[in-house]
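Each chain gets a letter, A, B, C and D, in the order it is written, and its residues are counted from 1.
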Amino acid sequence: MTRVLVWNEGIHEKRNEEVRAVYPDGIHGAINQLLKVDKTIVVRTATLADVEHGLTEAALAQTDVLIWWGHLAHQQVADEAVARVQARVLQGMGLIVLHSGHLSKIFQALMGTTCNLRWREADDREVIWTVAPDHPIVAGVPQPLVLPRHEMYGEYFDIPAPDELVFVSNFTGGEVFRSGCCFRRGKGRVFYFSPGHETYPIYHRADIGRVLINAVHWAHVAVPHAVITTQSPNDPLNWFVGETT
Amino acid sequence: MTRVLVWNEGIHEKRNEEVRAVYPDGIHGAINQLLKVDKTIVVRTATLADVEHGLTEAALAQTDVLIWWGHLAHQQVADEAVARVQARVLQGMGLIVLHSGHLSKIFQALMGTTCNLRWREADDREVIWTVAPDHPIVAGVPQPLVLPRHEMYGEYFDIPAPDELVFVSNFTGGEVFRSGCCFRRGKGRVFYFSPGHETYPIYHRADIGRVLINAVHWAHVAVPHAVITTQSPNDPLNWFVGETT
Amino acid sequence: MTRVLVWNEGIHEKRNEEVRAVYPDGIHGAINQLLKVDKTIVVRTATLADVEHGLTEAALAQTDVLIWWGHLAHQQVADEAVARVQARVLQGMGLIVLHSGHLSKIFQALMGTTCNLRWREADDREVIWTVAPDHPIVAGVPQPLVLPRHEMYGEYFDIPAPDELVFVSNFTGGEVFRSGCCFRRGKGRVFYFSPGHETYPIYHRADIGRVLINAVHWAHVAVPHAVITTQSPNDPLNWFVGETT
Amino acid sequence: MTRVLVWNEGIHEKRNEEVRAVYPDGIHGAINQLLKVDKTIVVRTATLADVEHGLTEAALAQTDVLIWWGHLAHQQVADEAVARVQARVLQGMGLIVLHSGHLSKIFQALMGTTCNLRWREADDREVIWTVAPDHPIVAGVPQPLVLPRHEMYGEYFDIPAPDELVFVSNFTGGEVFRSGCCFRRGKGRVFYFSPGHETYPIYHRADIGRVLINAVHWAHVAVPHAVITTQSPNDPLNWFVGETT
């Protein structure tokens, strides 16, 4: 089983009727529905309003893959919570950052860059192309995957070059965007996936659900490596005596 | 199930008593034993002496991952067989190239470089370090994995920069070597793993078996992507009409 | 000084009046004009019709960077010439492959993949975006660089993941393309740049000239490393005696 | 001209007679001497004790490449100074982090990982191998570069996979280390180079000076790209009108 925690800021749905109409159960509720298709995935959800944002040590310890959606309240996420999530990722927890999560504290902390991009809300058509056909995240994904109306996200996207670039998007207005990006950090894995503006029913699509399910399995490091990375150990000269069989 | 074809040149074991003593069932026989531990893997074997080297279209069509060991007779492998293997890799078959296979026609064809390296047979100790702890190939592999005696393979190893560098080796004589290297080519995946000189009992070790089993699963692209890569298709301007739901 | 050899197939311009109108001095002639802006670059040209295609050992020995444009006659380029060029690249010569050169023997040999792509001649607008703003190839290049009418080249482009992805293009029809890709092979460097269909005046644009000049300087390895890669040398155990000062 | 600021913590040399004997003018003084060989480089130096650590906005604005050596006092570097340096790197300033600088705040902030490693002070011999012979940083560097006695730094080194891996080291005790690593962040470039423990005369060697000079030139982005990355701009739909010539 893969234990997924879907974290959603949860503000748009409360304040804005248009968003509530699209996501009556919240964005986290819709993502939960998409993941349910896979019976090997167990989903819990949490929001900004929960105690410690639902990101306690205990909650993270039971999480294999954390999915993150945020937009309006990035600065309201406590630094301590961000530090806990970062430490867990480096120790092997998967992290999937969605859409406007590109400016979240946790994504910026893991990338080391501004993570800025160009954007526009004008009903662009987004056409998402697979550029890594061997990758488990694209299994069963159509070439291309077309979103008839979506917010535009465009280059330059200020991230480190992804360890694996999986999707690239075309927008009607003439832009391109690296919309599916894999990063390896410490013992953990990070996937950024740009679809999911709150006013479009993106998280009700089965093809987007397929990407998210694939991404959960890719990001889940089932057997974290035994190497210690939380300190810089001082090794004796003859550490390997007796290890050579 | 993952269908593995272990291909071994099969000459050293016939000609050389020392090698026969280490591998009485051939190198392919020993690798077969290592993989048997995993009940989801089905193994067949083939050698240079088989009809079409055992690399017919039919044989390759039933292969998810091909493991390749060769040394003395790289030039005796027919160009047609090499072309068939390369085409299958680009269509999604996994390929694991072992040790002296670095100079095989198939590895050179997929890399585009000479694949030369420095070497020495002098009972160096090889210490293999994981440098990608998130990677499925290293799950359960000790840090480090120590081979008390092995042939030295040293840098510069003339390959493209690996898409994922997994293992780096230290040798007593002062050399280093990128000993575990992942490459993505077309819809397929290639793993080069340097341990396995014919006069040392490397393929009788459980830790080496663990790496090979992990590599088989990593290289097995279970659902090859639907995109067509065997030609350069001419697309009409309005190809996406009707696809946008 | 950087010595550039511009190689052009040179067939379209002879057979086709439309192309001749765009490139009266040949595509190689137009590229020559673009590079002349930089006084540190010395240009020679060669075509398929020249003796040994103008790709003799002597000619290559005097070349720091080879620029390649071909389309109709990839199969007429002699295998021996391709082998000579590949060997020189691996020894440190730069190679810039343009547009339809993606299916040239030399590019396929260096990539190890089919290099297929999707295409369409329908006056798409191509918008070229920089995705690596630190890269010397993009210095002085506008964001974006817009070609009002060009042939569409689309994904999936069957190449290894570039060592550095520099440009990504948007096309009116909805496609994207990795239009500027850097590869490191052996001691040499390869840049693929997709603009340059024969019926559009792409190689008369100063912004395209800027990219080509930058690419020439990037691809020119001024001091090839001393390491030997043309063989796999057998090293003694104590090779470093006396080297430690 | 390339304007280099050599930043040194400057504590070991004051407190420890052994270090002072090796570096009577400070580590920054020795690096200054090494760089002086190249007449196109202008060097200034700064230390922790300087006002604002010598890392004011004005100082950084006049710096093309910052070289960083620190060890004992990483936590005494003000967060504001670290933020200024990070912002400048993302805007195009080069950064070269040396040896124990792997645990500096600035390196950790740019990497997003712990940057931990294994270490030992036991007079290991370090043998540094070039694994990227096309790279400008290795021009004129011997294969291998041998340090007869040095501190051991070993894997796993908890960094993102380098964008370009340039050097890998062998240590007597059996370890390996990715000792020369290039990273691209925003419009800037970062090079980590591990040699330089304070009790060994590493920065008096001409071969190490060659690496540092090469690295300065590689890290110097002469023409920072015009793209804006300090914000996420909202683009109108028809931004490109009039740009298509």
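Heads up, the rule we're going with is that contacts are C-beta pairs under 8 Å (C-beta built on N, C-alpha and C of every residue); 3 or more make two chains touch, one makes a residue touch a chain.
Quick caveat, the model's predicted, so the values are computed rather than measured.
The chain pair with more C-beta contacts between its two chains, of A-B and A-D, is A-D. Comparing the centres of all chains, each the average of its CA atoms, the largest separation from chain B belongs to D. Centroids of chain B and chain D (each the mean of its C-alpha atoms) stand 36 Å apart.
Averaged Cα coordinates give chain A a centre that lies 31 Å from the centre of chain D.
Of all residues in chain C, those that touch two or more other chains are 125, 127, 130, 132-133, 143-144, 146, 154, 156, 161, 163-164, 174-175, 184-186, 227, 229, 240. Put simply, chain A touches chain C in their complex at residues 125, 127, 129-133, 143-144, 146, 154-157, 161, 164-165, 168-171, 174-176, 178. Only residues 92, 125, 127, 130, 132-136, 138-144, 146-148, 163-164, 184-189, 221-227, 229, 240, 243-245 of chain A touch chain B when the two sit together in their complex. Looking at the complex, you find that chain D touches chain A at residues 86, 90, 103, 109-114, 116-120, 122, 124, 152, 154, 156, 158, 160-161, 163, 173-175, 183-186, 227, 229-240.
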